[in-house]
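Paired with subunit B in one complex and with subunit C in the other, subunit A is shared by the two complexes that follow.
Here is the complex of A and B:
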């Protein structure tokens, strides 16, 4: 489904944020990336849909290297890669249904997208997805009036509107209360198990990873230091993932 | 511990010293400027006599009531010029701001050119704009319109550009991640988010331009500024006072309306 090989990235051309990262993600599985702050988790996730241009390596999505695509092809590929964010990144003055429909912009012509001309099939799909995430009665609410947990669920519905093969989640629960955390994680788990979508999540909470993940990738200082099934994640493994690296200048700090 | 306390004391002493120095510098600047201009501070005491003269002559009397018709006509013309120039400039500004904002610019050189252009337009005083344009466009409403247009274009481009840059890249990227095109991101993401801020700037600029249009009219011989000049030079002070009064009423009305619209928007 998704295979990352020898990925490398440096923001300033000097300090390496990623050095030789390789891993792969299976359909129908929840894969969690854990690691200390500044380890490079966000950089990995954003390289996958090329919001960040990485320096070197291969990112095989459906057997084509995303890094080699031209603009139009990249747009095509992005259509099948959903993404949700810690601060939701919804268009706040617009309603929930409008934000969900943004998920199909990638398949529309420029003009149809600009003037919000959606097909009936797409409107039905959007309503169905809002129902799926439990927000049917909020379809016409402005997103700025929704709670954090509700916003994140709109974010998930927007990602699902893309009919994605994979969903990238950058700390999706970091700003949520415990109850919303469970709602959101249950939805993501369900997408993997029942819809066969690959779910790749950056997380800070090891206990959440334990209850929801199939596979864990541990990142420390831009390198993969753990890559195994969740059952293999022992306390010593966790300690080594969060270990403070001797040659990084204090950027690696265990956050909680 | 003691040395810590000493450090805090020193901190405040330095701060006080700095403030005193600044005050002394302002004082010296005032004295220097007074001497340079031959301005005598005690002449401020005679200001009340001047004000009394103003009040006596400029209070509109019965004779000036006959001018209402002409004043309202010209006031309306001035208002239209101000609104038209602002709205036209706003449309062009929005386009320039989008391709000039660092977060959305197609090329960093484009951003630079637009930044310089808007700075240039903005920093030429409105009076200078009017004088320059008078050469090519002579005394008519178009000259005033263009002077306001160029100044507003410079100002709004800068203001819009900052609004767009404050909006950040995260939400833009979130839409790009769905495969949306550049134009789709702008119309579906950027514009809905910044619409209220844009309206606020435009309303502010209309207020400002109603005031400036009066001044520009004085130079270009059009609108309310022109008749003020006319009455004033022909010693019809009462009528001139009426013009000032009407401009104040208009500006306050515009401000009230724009506040109302602002409240409805948010």
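Here is the complex of A and C:
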């Protein structure tokens, strides 16, 4: 499904943010990336849809290397990669259904984008997805009036509108209260199990990873230090993922 | 370990001797420069003020005749050389001049702003367009109208082009600024979904900037209305400004000037009400 091989990235050409990161993601599974702040989790996720241009390696999505695509091809590939964010990144002045419909604009013409022309089939699909995330009655609400948990669910519906093969989640629950966290994680879990979508999540919370993940990738200082099924994630493994590397130049927080 | 030269250094200044009180900020050169400039300006103002007043000037007489003129304008407004209908037509002309220049200006400025916002455009375009617009803005509207009157001759054509020119520069700046305020994450999100640039502009940027687009355009309409009046007098562009010029400088009829000032005030009041409604509706 998605295979990342020997990925490397350095932002300033000197300090390495990622060194030789390799892992793969299976369809129908929730894969969670955990690791300390500044370890490179976000860099990995953003390299997959090339929001960040990495320096070296291979990212095989459906057997094509995403890194080799030209601009038009990359845009097409991105249409099938959903992404949700910590701060939702919805277009807040627009309604929930308008935001969800943005998910299918990637495959439509310039004119459709400019004049917001959608087929009835697409509108029905958008309403169905809002119903799926439990927001059917909020379809015509402006997104700025929704709560954090509701916004994130609109974000998920928007990603699903792309008919994605994989959904990338960058700290999807970091700004949510415990109840919304469970709602959102339940939806993501369901997408993997019942719709066969690969779900790749950056997380800070190890306990959430324990209850929802199939597979865990531990990152420390830009390197993969753990890559196994969730059952193998022992306390010692967690300690080694989160250990402070004495030679770390990558960590953001310095102790004085 | 982080190398010492890579550490973020907080600029510190060693106090020269024992400090009696804890300062809230470092004494920096900028503040001293500003203070010195203000002192110099204050001195120049005080020194030159007496030389500006002519020797035969009598404050008492001047104040009484000023009050007399104000009284004629605002308490005894009536028409002599023109009709009310003519003046209404002239006011309409000025309003239409303001409307036309704002309309053309805002459409052109929208595209210039797209080409010069940091969110979409490369740095060289941002810097290039913004500095060109800054130069255009630095020259007052009336001057632009006079410059264009060399090409078009004194009249309405020069006024339309000149006011539009300055409006484009002004609106490009404020539109681009409001686009810059948009979080980069929003545009990144749209790109991550594979949206084309046209769709990103229409679906993400326009919804966010619409309120500020409306209120800035309206403010520019008010400015253009004032400019249209001034230009009518200064560049013979017609409208209520020209009528004002004729009454005040040609016929010396302050009764008539009063009528026109009341008409302009009435329209300004209408504008203010509309802009208030607009602001409360979009927020």
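By our rule, the second predicted complex is superposed on the first by the 249 of 256 C-alpha atoms of A that agree within 3 Å, B and C clash if a C-alpha of one lies under 4 Å from a C-alpha of the other, contacts with A are read in each partner's own complex, and residues count from 1 in each chain.
Note that a contact is a pair of C-beta atoms (placed from the backbone, for glycine too) under 8 Å apart; a residue touches a chain by one contact, two chains touch by 3 or more.
Quantities reported herein were computed from a predicted structural model and do not represent experimental measurements.
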Key: Clash or fit (per the criteria above) of subunit B with subunit C on subunit A   = clash
Query = Which of the two partners, first being subunit B and second being subunit C, lies in contact with A:240: first, second, both, or neither?
reply = neither
Query = Given the touch rule stated above, what does A:116 touch, subunit B (first), subunit C (second), both, or neither?
reply = both
Ask   = For A:78, is the partner it touches subunit B (first), subunit C (second), both, or none of the two (neither)?
value = both
Ask   = Of the partners subunit B and subunit C, which touch A:147 in the superposed model: first, second, both, neither?
value = neither
Ask   = Touch check for A:26: first (subunit B), second (subunit C), both, or neither?
value = neither
Residues of subunit A at both interfaces, subunit B in one complex, subunit C in the other = 49, 51, 75-79, 81-83, 85, 87, 89, 91-94, 102-103, 105-108, 110, 113-116, 158, 162
Inquiry  = With touch defined as at the start, can you tell me which subunit C residues reach subunit A in the complex?
reply    = 1-2, 7, 183, 185-186, 188-196, 198-199, 202-204, 207-208, 210
Remark   = Note: in the complex, subunit A contacts subunit B through residues 49, 51, 75-79, 81-83, 85, 87, 89-94, 102-108, 110, 113-116, 158, 162
Touching residues on subunit B, where the partner in the complex is subunit A = 170-171, 173-181, 183-184, 187-189, 192-193, 195-196
Ask   = Along subunit A, where are the residues that touch subunit C in the complex?
value = 49, 51, 75-79, 81-83, 85, 87, 89, 91-94, 98, 102-103, 105-108, 110, 112-116, 158, 162, 247, 249, 254
